[in-house]
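The following pair of complexes shares a single chain, chain A, combined with chain B in the former and chain C in the latter.
Up next, the complex of A and B:
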C-alpha cells in the first residue's frame, strides 16, 4: 500500500514537472512563430504604411491586445462599460501597432539571440532575447501569457515595459477624467500623426 | 559643463538623495494595482514627484533647447562626420569610462565583474588601438557586460530615488541619480583636465564627448516621447524603468 502511494506521488510529481516544463517551450515556440511571421511581412513591405496594414492581422493573431489594454489602463478598467472597453482595446491596438512599426528601418533585419525562457508565475513565461538591430544592441524581453493559448502580453526593451509606460500615462488620465478622458486621449494620440 | 558649477548645481540634489537613502521609495499613485493576478505593474516606475509643476516647466524649456539648439548641432555632427569616425569616437570614449565601471563594480561588491571590466579595457586598449575598435565584442564573456555607474551603486546600497527631477539641459533624473551623475563625472578621465589648471585645450575632451553622445541621446529621448499620451509622464516612466532595470543587473 505504502509503495503504491509512493508510486502515485512520484507519478504526480512527474506529470507536474512535464507540464511545468512544457509551458515555457510552448510559449517560446509561439513567440518564434510570431517573430518569424512579422519579419517575413516586414521584409516584403515597401514602406511604413504598407508595413502597418500588413503586420496588423499578424500581430492580432499573436498579441493579446485585450490584456495589454486592461493592464495599461490599470485599476480604472473595471469602471469602463463594455462598449468603452471595446473602444479602448481598438484604439490602444492602433497606438501599439503604430509604435511598433515605427521602430522598423527599411532594409534592416534584426539578429536575435534567444536566451532561456523563465516562468515567474503560473500562466506566464518571459522570453529574454539579445537583439542587434541597425548596428545597436538591445535587450528585449517578451512577456507571454496563457489567455486560452499563449499570446504576447508585453514587450520590454532595455528594461522599459511598453505596458508600464502607458500605464503611467493612462492611469493619470483616468484619475483626472475617467473612462471618457482615457478614450479621448487615445483618439488624440492617434490623430496627432497621419 | 563648468567643473565648479556642477557641484553647486547638484548640492541640493545630494541633500535630497541622502534623505532618500533613509526612506522607502514613494508611490506616485500613477500605477494603481490592476484587477488580475498577473498584473504586477504597480511599482515599476513609482516615484515621488513633488516638484511636478517646476519639472514640467523645465521639461518644456529643455524641449525648446533640444529642438532649436541641440538637434541642429547633432544633425550637423552626423552630416559632417563619417560613420566610421563616429563609431571610433563612441568606442574610444566608452573605453575611457573604464574607471567609472571598475570603481562602481567594486563598490557594489561585484569583484568578478570588475575583473571582466579590466579584461575588456585591456583587450580594447591593446588590440583595439586605444579602444577605437571594440574587439571585446568578439569575446563572448565580454560582449554583453552591463555598465555599472554611481547611481546604480547608490541603488544597490538601498537608496531610493528621492524626488524625481528634470534638470536643465540634462533632462530626466532623480535626487539619487543626479548625485550619481556627479560621481560619474568625477570618475571619468575625460573630465579630469577640468579639475586642473584650465586652458582651452582642456575643454576639448569633455566637449567632444558631449557632442558625440548627443545624437544617440536625442534619439532615445525622442523614442520615449513618440506616441506618448503625456510626453512628460512617458519620459519619466521610461527613465525610471530603465534605471531600475540597470540597478538590478
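Up next, the complex of A and C:
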C-alpha cells in the first residue's frame, strides 16, 4: 500500500517536472518555427505589400489574433455582438500586419539573439530577444500563450506592448462611440494606408 | 552627579521624539489614502525603475489604490509590485498594468487598464500582462546620438 502510494507520488512529481520543463521550451520552439517561416516568406517578398498578403496565412497559424483583438479592445469587447467581434478580428489582423510590414525593408534580414524564456504564469511564456534590423537595435519580447497550442499573444518592443498601445486607443474610441466607432476607426486606419 | 542623569534623560527623550517623527513620516508616505475595503493584487514587471511604495494606482486616470510594496522575485529577477486596490473594483483577469510617468519627469504610477475576460482577479492574483518603466533617457539618447549598431546611410 505504502509503496504504491510512493510510486504514485513519484509518478505525479515526474509528470509535473516534465510539463514544467517542457512548456517554456515548447513555446520557444514554436516561436522559432514561426519566426523562421516568416523570414522564409519575407526573403522572397519584393516589397511590403506583397509581404503583407503572403505573410498573413503564416501569421494566422502562429499568432492568436483573436486573443490580441479581444485584449486590444479591452473592457468593451463584451458588448460587441458575434458579427462585430468577427469583423473586429479581421480588421485588427490587417492593421497589425500592415503596421509591421510597412517597416519592412527588402533585402534586410534581422539578426536575432534569443534570451532565456521565462514563464510568469501557467500557460504563459515570455521570450525576450535582441534584434538588429536595418541597422537598429531593438529589445523585442514575445508573449506566448497556451490557447490550445502555443501562440503569440502580444509583442513588446522596447518595453511598449502592442496590445496595450492599441488598447489605450481603442478603449477611448469605444467610450466615445461604442463597437461601431471601434470598427470604423479600424477601417479608417486600413483605408488611410496606400 | 544628578545633572548628567537629567541630561541623559532629556537626550533619550529627544531621540525617542525623533524616532517617532521619522516613523510617522515613513508611515504617512506609504499611507493608504483610499478609504473603504481594499484587496491586494500583484503585478510582475521586468523593470520597476522609479516606482516607489505609496505610488498611485489608477484606472481611467482615477486613483483607486496604492503600491503597497515592491520586491524582487529571486527566481527570475523580475520586480513584483503589490497593489492595494478598492474592493468594489472587479478587474478582469487579462487587465494590464503599465508603469507611467505623470508629465515628462514626474512621479511614476501604475495605470491599470481593464481587459475583456469574464473572470476577475482574485485577491493575491498576479497581473503578468504588464508594461515596465520606459527608459526615456536611453530612448532619447538613442534618438539624439543614434544607435551604436546603426550603419551610416548610403
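Note that in this section the second predicted complex is superposed on the first by the 186 of 194 C-alpha atoms of A that agree within 3 Å, B and C clash if a C-alpha of one lies under 4 Å from a C-alpha of the other, contacts with A are read in each partner's own complex, and residues count from 1 in each chain.
Quick note on the criterion: a contact is a pair of C-beta atoms (placed from the backbone, for glycine too) under 8 Å apart; a residue touches a chain by one contact, two chains touch by 3 or more.
Just so it is clear, the model here is predicted, and its values are computed rather than measured.
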item	value
Simultaneous placement of chain C and chain B on chain A, clash or fit	clash
In the superposition, chain B vs chain C on chain A residues touched	B
Chain B versus chain C as contact partner of A:118, first or second or both or neither	second
Partner chain in contact with A:168 - chain B first, chain C second, else both or neither	both
Which of chain B and chain C A:70 touches, first, second, both or neither	both
First, second, both or neither for A:186, with chain B first and chain C second	first
Colliding stretch - chain B into chain C, listed as 19-27, 73-81, 109-117 or 127-135	19-27
Chain C-contacting residues of chain A that also contact chain B	70-71, 74-78, 121, 124, 137, 156, 158-161, 163-164, 167-168, 171
Chain C-touching residues of chain A, taken from the complex the two chains share	70-71, 73-78, 118, 120-121, 124, 132, 135-137, 141, 143, 154, 156, 158-161, 163-164, 167-168, 171
Complex contact set, residues of chain A against chain B	70-71, 74-78, 95, 98-99, 102, 121, 123-124, 130, 137, 145, 153, 156, 158-161, 163-173, 175, 185-186, 188-189, 193
Parts of chain C lying in touch with chain A, wherever the complex brings them together	44, 46-47, 76, 78, 92, 94, 96, 98, 113-116, 118, 126, 128-129, 131-135, 139, 147-151
Chain B - residues contacting chain A, complex	29-39, 41, 44-45, 144, 224, 226-230, 233-234, 236-238, 241-242, 244-246, 248
